[in-house]
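Alright, structures below, take your time with them.
In the two complexes below, chain A is the common chain; its partner is chain B in one and chain C in the other.
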Partner chain A sequence: MGQLAAEKHTKYILQIEKKKDDIESALTEHLRINGAYWGLTTLDILGNLKAVEQEAVISWVMSCQHESGGFGGNIGHDPHLLYTLSAIQILSLFNKTQILNIPKVSTYISTLQNKDGSFSGDKWGEIDTRFSYLAICSLSLLNSLDKINVEKAVEYIISCKNLDGGFGCTPGAESHSGQIFCCVGALAITGCLHYVDKDLLGWWLCERQVKSGGLNGRPEKLPDVCYSWWVLSSLIMIDRVDWIDKEKLVKFILECQDIENGGISDRPDDAVDVFHTYFGVAGLSLLEYPGLKAIDPAYALPVDVINRLFLK
Partner chain B sequence: MDSDEDERIPLSQRPEWSDITPVPQDDGPNPVVPIAYSEEFAETMDYFRAVYLADERSHRALQLTSEAIHFNAGNYTVWQFRRVILEALNADLHDELEFVEHLASKNSKNYQLWHHRRWVAEKLGSEAAGRELEFTKNIFLNDAKNYHAWSHRQWVLQNLGGWEDELAYCDKLLEDDIFNNSAWNQRYFVITRHPGLGGIEGIRDSEVNYTIKAILTKPENESPWRYLRGLYKNNMKAFVTDSKVSTLCLKVLTSKVNCVFALSLLLDLLVHGFEPTQDLKNALESLIPESNNLDSDVAARVCLVLEIMDPMRVNYWRWRKSSLSSHVEDGVKNLSVH
Partner chain C sequence: MSEAVPSSYSDPSSLLYQLESILESDPLIDEVGFVHPSQFASMSDTSQANTTEMSFWSKDHKVGISTESIHPLYTAAKHAFMSSLHQYKMLIPLHSKKVDNISATSSPLTGLENELMKHSRALLLLSCDFGTAWNCRKEVVLNKQDIRLYLDELSLSSLVLSCSPKSERTWSHRRWVIKMIAGKCTNLEEILKNESDLANRIAEKSKMNYRAWNHRCWLVSYMPESQVIDELIKYRDWAGLHVADNSCFHYRTRLMSRTLEDSWYKQDLKATEICQLWKEEITWSEILIKRYIGREALWLYRRFLSVCWMKHFAGHSHTGGSGSGSGTHLDLFVENEIKLFRWCKRIPDNVFEDYQAQAMFAATYIIWLIKEMDEDEGVRSRRSVVVEKVGEEVEQVVNKVCPEKAFLLDLMLTKTKV
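Up next is the complex of A and B:
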């Protein structure tokens, strides 16, 4: 097992940015802005954000903005909440949200709210509690939550609560750790955690830990590093993180590292990617692994970034 | 790639595309390394950008989006433009169902694909219900927990109908795999939302019997235990007084294997005022004979057994134990107020 190969992971992330010529990068072209957020946040947690060319990143992010105010996954792509939050998060990392036309971006987001309080991800109307989180987190980072009907938004999220205390993508849909993160995160940001059945949900979440120490996303599923983030951040937000075996989870995440070339995979011995590298490092940060910046469980950004935004 | 797509003629050599100048990906202010990945894919995307920028809503553009999606079903902009074209051409959406089915047979975990499917089904309306239910059923043959497919199925039931056989379908899935949490969730969805079933109260009895049977087959299966609890969600009195529940706990405890969920349920019963029988106390005692615990409180003893049996969650069970006393304190506080 050993330790976190922090230097190797930094190198791995920096190298992805340069490697635009392989098939993996072609397939992810349309969501490059998500990839950039995962990579840059990982670097920041590792204390190496300075290693990237800030100006180049920022001007690229800004050129992903659509005339509607929303952001696409890359230049020339259509806007979606998924990409808009990543753009705002990246700008937050660099303390540059002020270069945004905030009323315009927040109007784009607010027009995606539906009558029942739910959010569509784009103008095509798909509804999912993930989009509620994306909208609420984005607007909160821009200090513009007053642009939407928060009460209705919260009401919709609560209507997705299940008998196990968890949340699904729509009312009645199965509880899933990823959706739970989104719902609990949105409720945390809006100050509505009292609607969560914390003890019941906490038990369901800690039942996600399997013998290997890793966490799964649903009963009887395999453990996966990305759930270290979704389950763990939810447990922290509802103040029940001591209910899992943290040491065993740390060990599981460390076992998923590629010690030689950097990067973290979903399970030991699988291929690494930037997505799981981010979730692994962010998970370790939540577990207070030494040498890492603390990350905020609701905003998924380093705590110092959040403090800079809200405590100024 | 499919064999029928093997002999792909480059777009640059197809006469019907000769009027189009392809547009390469703009990677922003930084000069980009020459692209070395699949030339075919790159070419398709270059032509796609050209028709997209020209907003060309034509049959050939539709065909081009098919090719682009076959290369990469995750590209959100391509899908979105495809819908714009379909609307403009007033295309036959039954063909579109086939297109999606073909794609889903290769990758059924793509968000765009499901979003698109719903868009098509919504346009077709209730005539689509049967085919949509069948479509998700086929997905479940290979992946019975596919989250997208479940979400689609629930949407179909609520918006297009087709509830009639849904409970039987849940039976079938649980027969195949009793651990399938998605099927248990669907079962709850049906009994609480099926417009013809009359809600939990009416169906509780038969559902409790069904669930108890499932639990006794595999007591380590967390899903039916939670389902059982859900059946009594708004009726604690029935939960505590229904002897079927405590008998179930007793049976599992007596077997002495996989007792964690039974103990947990027993704890819930006790917290809500259930008076344990001597049989239950004995069964509990025989689980940790060596400890000969001094704690006379049954609930506290249950917690202790759980701490030993489920060490990974020892802090949770300790917390449950510590909140037993605060329950008492709460009770005392309330007494002094009233």
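Up next is the complex of A and C:
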């Protein structure tokens, strides 16, 4: 089995951080703050966060903030919970959440909660359990969960549980590993995992492992490195991780590396990107691959960052 | 006549102008695609010289954009959009609340709104999830309150989906439009039918597209009862041809679940019809399972059907009024499932993979059934009967074809509820 090309991955991330003019960077500029979170967290897990210019990153993140308190995906882009969590996570990595006007940010988030407990992603009202996770994770990192009706929020998430044990984006929507991570993560953060049928959900999740060892996101789909994070972190949170073959999964992730230029792709021999590089490295961290910092399965941040925040 | 548009100018803003003019000139454009310049030659009239330098192609309401032009076009569209947006945001507070309807058509605000709509359209075709552009369109449409503008948004988002079928922001924009017009327009049912057809067309081209199917599931809550039944019947054949598409079977899950809502099946007359519908669906599912060997989505759908059947029909008295009592119905059902398991667990000597998968799914299906029987008070008493009848056979199959799933046997053997 190959090894993790940690140094190459560090180089790869540092190099895309600087690149802003190629077509890939241009076409994804509306979610650059997500990209920054993926890249920086990967660097931290690899033990190389110091290689970036912290001040420049932080001042750029802060310039994505709006009057409302929410963050956009880049300067001049509208705010959304998707980008607000990434901003908070980046600041957490640098131990800099104190520079935020926390009441303002948490008010932005709490006003997006609806009567039934669900969350809209922004003022335009689309509802999704992903947004519940984003809100709950953000507020928890800011120690401000008391700003929302947690009981109602949990109730809504439970209403999105399907007969197969999984969760979808709204009540009755198809189970999807990404959505399951969001729902289980939100329930873990709020201390409500007892609402999950762990055997049933664990069953659905372990059926995501295919012959190659990789995990897929839904039945009959091809495996994809990003599910190494979503399925695996969920299995860990509900204590059923032994139901998959971990060794085979490690092998699958390592096979998706670009050994020469760094970066990880969705499947072996595909083009790499920062999204899959993060999920591959984070997945390996969950699998306790040697030399990597441990990552928290619910907050999707290194465990030492979470400890620093909560044990302060 | 095909219209090949030579890119006589290389600067990005004239490229943008060309694209916007093409879009403006034909409101019936229904498909946009990105084409490598070398492909233009085969698409255009032979008289066209120098097709490799073309940036756009358009014919029969279809538009092709050269892949070489995407980057400069995107940059130009983004700058044009962002600068109009900036001006718009400065102007809008001055106009708030007191829009003069008579002069509105010629006000600077209207001019700016037109610019914004034009630039955001071009931008979204190039970068479908550029949320700020969708948001600003919502803002403009909301200010005007004209139902036709809402319908225009449905057309634009269809166009974007023609080249970016998985775009989440685009599907979300459609839901916003439908929510806004749901109470205002008289032909909502027709709009919903069109939505379902659109989602189906896109699902045909882009397989297992979660966003398209999710949109379709979302529509179900707006559908009148008759349409729910129509959808189930109309798309049954389609599902039979796409047996690996889990999303398509989940859509049926959603439709079937709606028939179980209180207002439906608690009416006596309806209950008989619905029961019949469920019976047919269960029979159909069995036919598919036997015809298409080793398909995960089919087995997962059967898990759903069985659990609901036990919960709502087999264990209850209103299963059609045959007067034979609930127990018999349940026993008959369970007997049938065991037969299905035995049929599917056989692995012929000369074929391997699909049959092994089939045997595995059949075995895990029975484990599932047993676990779920334990969860349901109405059928719990029959659980031990099933374990006794096939427990050992299931164990043998699991140990033979998927020993790594042996832990599932514990779920079958440990009785959690008393």
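The rule is short, and it goes like this: the second predicted complex is superposed on the first by the 311 of 312 C-alpha atoms of A that agree within 3 Å, B and C clash if a C-alpha of one lies under 4 Å from a C-alpha of the other, contacts with A are read in each partner's own complex, and residues count from 1 in each chain.
Throughout what follows, contacts are C-beta pairs under 8 Å (C-beta built on N, C-alpha and C of every residue); 3 or more make two chains touch, one makes a residue touch a chain.
Fair warning: this is a prediction, and the values are worked out from it, not measured in the lab.
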When the two structures are laid over each other on chain A, do chain B and chain C clash or fit? clash
Touch check for A:D78: first (chain B), second (chain C), both, or neither? both
With both structures placed on chain A, which of the two partners, chain B or chain C, ends up touching more residues of chain A? B
Touch test for A:W60: chain B only (first), chain C only (second), both, or neither? first
Quick check on the superposed pair: does A:K147 touch chain B, chain C, both, or neither? Answer first, second, both or neither. neither
If we overlay the two complexes on their shared chain A, which of chain B and chain C does A:R208 touch? Say first, second, both or neither. neither
Quick one: classify A:K18 as touching chain B (first), chain C (second), both or neither. first
Looking at A:K221, would you say it contacts chain B, chain C, both, or neither? Reply first, second, both or neither. both
Output check: A:K198 vs chain B and chain C. Expected answer is one of first, second, both, neither. What do you get? neither
Which stretch of chain C would you flag for clashing with chain B, going by 39-47, 75-83 or 93-101? 75-83
On chain A, positions contacted by chain B and by chain C: 23, 26-27, 30-31, 72-73, 76-78, 80, 122, 124-126, 163-164, 168-170, 172-176, 203, 206-207, 218-221, 242-243, 245
Across the complex, what residues on chain A touch chain B? 18-23, 25-31, 56, 59-60, 63, 72-78, 80, 122, 124-126, 162-164, 168-170, 172-176, 202-204, 206-207, 209, 211, 218-221, 242-245, 248
Which residues of chain B touch chain A once you look at their complex with the stated criterion? 25-30, 32-38, 41-42, 45, 49, 52-53, 72, 74-77, 80-81, 83, 115, 118-119, 145, 147, 150-151, 154-155, 179-182, 185-186, 188-189, 192-193, 222-223, 226-227, 229-230, 233, 312-313, 315-316, 319
Within their complex, state which residues of chain C touch chain A. 70-71, 74-75, 78, 82, 126-127, 129-132, 135, 138, 172, 175-176, 179, 208, 210, 213-214, 217-218, 220-221, 244-247, 250, 253-254, 257, 295-297, 300, 303-304, 307-308, 368, 371, 404-405, 407-408, 411
Considering the complex alone, what residue numbers of chain A touch chain C? 23, 26-27, 30-31, 72-73, 76-78, 80, 122, 124-126, 163-164, 168-170, 172-176, 199-200, 203, 206-207, 218-221, 242-243, 245
